Amino acid sequence: WNAPKDVQEPKVHEWIQTLDVKEGETVDWSHFDVAILGVPLSRSSISASAASENPDAIRRAWKYFTTYNMEEDVDLTALKVVDLGDVRQHVTDIPACHRHIQEAMVAMRTHHPHTLPLVIGGDHSITAMLVKGWKEAHPDERIGILQLDTHFDLRSLEDNGPSNGTPIRNLIESGTIRGEDVYNIGLHGFFNAKSLKVYADEVGVHYVTLKEARKKGVAQVVQDALQQLSQKVDTIYLTVDMDVLDISVGPGAPAATPGGMRTDELFEAVLLAGACPKVKAMDLVCLDPYRDVEQATVKAGVHVMLSFLTGLVKRKNA
Amino acid sequence: WNAPKDVQEPKVHEWIQTLDVKEGETVDWSHFDVAILGVPLSRSSISASAASENPDAIRRAWKYFTTYNMEEDVDLTALKVVDLGDVRQHVTDIPACHRHIQEAMVAMRTHHPHTLPLVIGGDHSITAMLVKGWKEAHPDERIGILQLDTHFDLRSLEDNGPSNGTPIRNLIESGTIRGEDVYNIGLHGFFNAKSLKVYADEVGVHYVTLKEARKKGVAQVVQDALQQLSQKVDTIYLTVDMDVLDISVGPGAPAATPGGMRTDELFEAVLLAGACPKVKAMDLVCLDPYRDVEQATVKAGVHVMLSFLTGLVKRKNA
Amino acid sequence: WNAPKDVQEPKVHEWIQTLDVKEGETVDWSHFDVAILGVPLSRSSISASAASENPDAIRRAWKYFTTYNMEEDVDLTALKVVDLGDVRQHVTDIPACHRHIQEAMVAMRTHHPHTLPLVIGGDHSITAMLVKGWKEAHPDERIGILQLDTHFDLRSLEDNGPSNGTPIRNLIESGTIRGEDVYNIGLHGFFNAKSLKVYADEVGVHYVTLKEARKKGVAQVVQDALQQLSQKVDTIYLTVDMDVLDISVGPGAPAATPGGMRTDELFEAVLLAGACPKVKAMDLVCLDPYRDVEQATVKAGVHVMLSFLTGLVKRKNA
Amino acid sequence: WNAPKDVQEPKVHEWIQTLDVKEGETVDWSHFDVAILGVPLSRSSISASAASENPDAIRRAWKYFTTYNMEEDVDLTALKVVDLGDVRQHVTDIPACHRHIQEAMVAMRTHHPHTLPLVIGGDHSITAMLVKGWKEAHPDERIGILQLDTHFDLRSLEDNGPSNGTPIRNLIESGTIRGEDVYNIGLHGFFNAKSLKVYADEVGVHYVTLKEARKKGVAQVVQDALQQLSQKVDTIYLTVDMDVLDISVGPGAPAATPGGMRTDELFEAVLLAGACPKVKAMDLVCLDPYRDVEQATVKAGVHVMLSFLTGLVKRKNA
Amino acid sequence: WNAPKDVQEPKVHEWIQTLDVKEGETVDWSHFDVAILGVPLSRSSISASAASENPDAIRRAWKYFTTYNMEEDVDLTALKVVDLGDVRQHVTDIPACHRHIQEAMVAMRTHHPHTLPLVIGGDHSITAMLVKGWKEAHPDERIGILQLDTHFDLRSLEDNGPSNGTPIRNLIESGTIRGEDVYNIGLHGFFNAKSLKVYADEVGVHYVTLKEARKKGVAQVVQDALQQLSQKVDTIYLTVDMDVLDISVGPGAPAATPGGMRTDELFEAVLLAGACPKVKAMDLVCLDPYRDVEQATVKAGVHVMLSFLTGLVKRKNA
Amino acid sequence: WNAPKDVQEPKVHEWIQTLDVKEGETVDWSHFDVAILGVPLSRSSISASAASENPDAIRRAWKYFTTYNMEEDVDLTALKVVDLGDVRQHVTDIPACHRHIQEAMVAMRTHHPHTLPLVIGGDHSITAMLVKGWKEAHPDERIGILQLDTHFDLRSLEDNGPSNGTPIRNLIESGTIRGEDVYNIGLHGFFNAKSLKVYADEVGVHYVTLKEARKKGVAQVVQDALQQLSQKVDTIYLTVDMDVLDISVGPGAPAATPGGMRTDELFEAVLLAGACPKVKAMDLVCLDPYRDVEQATVKAGVHVMLSFLTGLVKRKNA
């Protein structure tokens, strides 16, 4: 039967290392450029969601990908990436779940600050906790957000607590970030209450709808946002809500709808973000593998992650 | 448990009113800009179809939509819309079904002529009855048709009676409309017999295939058709056959195929029609929710309807 | 179009009344034999579940059922049944959700104690809250449980809080019920840790595995349990975990497995419970309509509910 | 590439002959024991149905079956069977469809009265036309019906015309058959209005619910019905509504529900009917292949047909 | 994040050990009662099949099972089980695949003859290779086969080579086993050519159809077969073709049909085999996880395996 | 019932002739412009695939297409096309399968060299055999390849023999073609090992990634490749791997991924190839109809074939 062998040209699962620390050992974190962290929390979603199953679905799917990006002629093995496993969640205590997520980010920023956190959710509520964790570890930094989403995520926390409809408002109201440092690209359709737009305008959130973005090209609009953010913040946090995709290419994102982004637009957007030096963390959220069709959305999720890492290699080579 | 409350920012189902007339009451029709009418008939389809289930599927799905169109910054609550329910159908008497549909249109044009009828089918055979009803109510009007479809719908009534392959021919042969007042946009692929094209040319039907339309842009081609029609007819009737969509975005339209229209093209087309003052009625047909995948087509159907209404708001504001 | 008419032979949705209380009105509760209450909570499930969507799925599906039980020659219209809607849930505060559920039961037992509560979950964690609510309203009663389930639901609350794996233990440890007053029928396969059986034996829980039950007949075993409980308790609470069904007939119950109960066995079991005078409340839990196949499980859920009510009519006529 | 060869042990499609009559030729009908006729009509269904696609689905599926019945040690090649193709249907003229069906039966009874018609529907409305055709061809015969169904099919024709809910009433009211010559086996659940039972009792229809039938065994109850009918009628017509099956084994029968018949019960029932000398025609209706799961229902449909033919071989050998 | 912990009550994946031999280490095989071996070969199937994906599907699914069999009060941790991984397969050289499978069995019988091989296929062609491997390792033994299958698997090797239709004939013709030492239980329907039955009779194969078996009870018939085999052979090899199951409970077995075995019948049958001292190896074949519905068949496959092991514990305790 | 009639405007299945040669007859091959050949082989795929079922799926689907290409105003009946059926395959002897495929091409080139072979696979391994067959029949020709694919198909034959990952390398290493005569268009994503690109560069294979191609337009890049090839080779062989499509439009191509080609791009590309005089054969491979969604990929496959033939008509008319 199969003996493991020395792999010359690895698949993604043969390249990403898994942390398996034995009692008393010390990990040499200096190795790692990127740390992947799963956050299997979706009981904080407004609608029923199994996005909690996404980290494992992504891990199972990435074995179908090589490390070589054909279109960019980039080999991801130039990076050292470690998979830290999942943040522990609780079945009935959502505040504890959120606390663990924030603590996990603090721990990462403390023990290995040179590794870039790449977080796989989970629902969008986790972004608030992750950015708060970053702020806790780096209290003096000004943090900007590049958000690719069908929604503002600016709902009031008074309605349902820190659910997946609220992370950006949560961050603004808690003083973690400024409204003007949020750039949302991809809004479309009839999926945001008008009052949220009014609020967005009040707090200065920048946004470009998908229709508007396509006039210039989505890539150009993303590039502009990165440039503007780079001039004013210390750290850009990229958050990708998979429901920004059109429902035909993202059927597994519960809130995806007709009229959304194409995958080639999304892949290019995150590649640009990966190449931007100020982008220091990313997450990918709201992908429910139980509702996927032929794994199309899960595979798109892996592709998003690998496109970001492609940008990161380009950044290092630049 | 949930007490109903006064809704500030309604979802579509909280905004569209349902008519519930008590014995002896009179309805003040002057309120309403638009009247939605379901036509659950699909036993007149050539192929087996559950498009009869579409009006209810659309109604169940529209609760996931807000009234605010993010990309156009338009709030649909500027319109008063009433859902009249469904035209009664008969299980085995198709001529009676068709008669009821025509009568329903006559009734609407008689009792509340200032409300725009927005009809949700059903299969495409209903369009002939609806336009005939319009003509019966307004015998002196010249009526034009803007048809978004993969097919001509010019088959002979001698083959199968007034089925879903015949509405346009039915209208031309009955003298309800002139061939030259039909503009069909979206034809593609191998789905029309050549003799139908010959017939179309003979009677002067205008048509632009999808490939041709994309050279100018679908929006521009639609705009041109609306302009030409506006100069010669009194009323433009918009009919949207959902099988004009590509099968990947319209899997629930039984005759959708690879190589069809994108949803962003379709949404823009109907928005332009909604904004055109001569467009006074629309229908949406041939959507079978039983064959849909993750409700993608039903949601696209709702979006078509709301995009049209967005255009209508723009028309009023113009 | 369709005018509502006086229905002679109602479908279930035409027979079950919906409560719609206007400001200042008083409801005459003396009308109602049974009150249906939805509990759309599943974020307390150990595994991802959309059982929260079940109350509405059940309501949409019951319109396909008449009120006449052919096999028993019983017409359910002999009962007055009211649908109270859903207990309000919170997106991120699970303890609040649980509190509302308990309060809802207390309210029902206080304002209309002669109506039998029939609760549609939701996951199994809700049973603990509902029985606690009963106990709060009737502190002197001794309460027994008839549980149809693949699982004991005796997990420790220390692991994950009051999740769907714990309701029976929760009730025993809180002193709400005695272990000896629990009768679990339907356990099978490899889905309970041995320590839970040891615990069950220690606290005196009665149980009969499916294989054992089939030797006598499931119906006989249920009848025996009802008889034994009737002799010692004041109130029997029936709880039906839909995962007791075989996966082929209950694909929408996330924990259903091969080797489970048949639907005819389950329908007969709940009919017997409905006919037993000491059975004063029931719930139906752990049905996730998003994972259902051709609505088979949702329809089975409706059938369970109607079979129970058939028994109730028989009880009244006895 | 594949040359056709002389088949020693045929699959079903290699054994059933297809009629392909050339101009001027005469068919020697004396060859044939059984004639299969497709009736692709389902636009007369109350609910949307693609049972019209069933004849072809059955034909495509039967190539997976051999002619040898392992459990009965019977080889169907003892019979000569011809597939006559489909009765021509019209898209919008349902009365014409019904007329063609009746005429097809008359033609079969006239041109080759010794061949047994085996009809594949289509919805249940066709049974009325087929039995009327039989009566037209054999006006002096007394005809009995053995119906396996979840429903009475006794709805009034005044509601919806001759739909799939009415065939038995249609036959009784038209004087084609007597109520007392109808034996319905398999009724269950909440799917018949009580008034239909009252009507059934008034006109003397015999029926045994599934629960009742299982006490004696479904096979015994079928045998008893065949015996009683054989003593009073000239011809027994067997009609199998596939929705008599449980939804888990008949997901493709639109009205199948939990609590229905098992396939082994149904196969045995039709085998017994096939073996009974008075059974001279059968149909199989209400199977919608578009809603099937892994072709389970279509394969069950083929099995029903072949089980009936197995009985027919036994009859010939008896 | 999750630290691995000492598991008190393991799930199946925490109990089954995985072999991970380092260079130069020696494995102490005396530990192991059972060795699981995956055989991911299905390109030898007559029909297209992804049964090659089954070993991994089974492994992913068994983490949902505990080791405690509730109905038998048996804990599988009484056994030591090791998962050896998969036999290496070749993409285009089927004879090499078959050779590797036979060699794997020889290796197991040579290096750790006291461990019972439990093989997860793959298609049924592998059984011939596995039994030949046993014979090669134990040339003096007389080997009997207990086969649970819808088919004889007695097709001639001259047609298609050693495909999945031939294993039993392959073994008989090669002199590995005698026809009289084969006991096939579960044949049903129209899925075996009559000539195969004739051949079976000629070579003395014993068989009981499902209908016949149910008269006595499947369990009793299996017990009888085990007893008869035990009196004449040294080793009984159990082979479970998952297509013996009814299509409603085994949708993922490509050749499963209506009218097959229930899961409770199958689980009891393999439990009895597990308890029989002469049963020294088993395999489970013809399960294609790509065609499964809600994982029902894969879970049934795991249950078959665990039921067999339950019997093995009983055997040890007897 | 339906009498066959003289078809004026045929559907594709009424236009394509089927060869049915009687003993002793001679076929007049001079009739035929194109010969369709099915190659139902997919057991040589690296991953489990039912692409063997594709030729029949394509044949069943083409009856939904007319012969009239609306967008090009071309009627395919200008061509005479014959369907030769399938090359016979063996269940367990893959080298024999490959041999038969090569022989089939030799036979076609020998008996009717003026008919263009249009081959429907099957997996991509068949392309090597087909091109070798061409070379065997025309040893002096220089053959070029236009390959539309997500992959290079340049894997070493030493790994898995002549599998679907190797056809282009197989052809180069066997001296059948030169590396410089291969033009691959459509590579994208993370699905080719870097070493394959290195090998491609070494042997001079031309390739344009999808991202690169879209800058000029896919059509232009295809046109350029055809022009370059036309100047140096005698025959261009077009091979279309359906996994070049995006997974949303080609869900039935097992290796399709997010980020692939649109159908309109692919249809235009093959139309251009069809119009190019040097293109003398084509194949279409790696389409697994069992994994398709609403037949989208199979219908795209038919469209590819018909678009190619549209080009062929244009070529003849040029």
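A, B, C, D, E and F label the chains in the order they appear, each numbered from 1.
Everything that follows uses one rule, which is that a residue touches a chain if its C-beta (ideal position, glycine included) is under 8 Å from a C-beta of that chain, and two chains touch if they have at least 3 such contacts.
In this text the structure is predicted, and so the values were computed from the model without any measurement.
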- Any chain touching chain D and chain F at once appears in the list B, E
- List every chain that touches both chain B and chain C. A, D
- Taking shared numbers over all numbers used, above half giving same and below half different, the chain B and chain D interface sides are same
- To lay chain A over its twin chain C by CA atoms, how big a turn is needed, in degrees to the nearest 5? 180
- Return the chain whose centre of C-alpha atoms lies at maximal distance from the corresponding centre of chain D. A
- Note on the structure: Between chain A and chain F, the Cα-mean centres are separated in Å by 40
- Where chain A and chain E are represented by their mean Cα positions, the distance between them in whole Å: 45
- Query: Residues of chain C touching 2+ other chains?
  - Reply: 248, 291, 293
- Query: Within the complex, which stretch of chain D touches chain E?
  - Reply: 8-9, 12, 65-71, 73, 75, 248-249, 263-264, 267, 293-294, 296, 299-300, 303, 306
- Task: State the interface residues of chain C toward chain E in the complex, per the touch definition above.
- Result: 187-195, 197, 209-212, 246-248, 251, 257-259, 291, 293
- Report the residues of chain B in contact with chain D in the complex, numbered from low to high. 42-46, 48-53, 90-95, 125, 159-163, 290-291
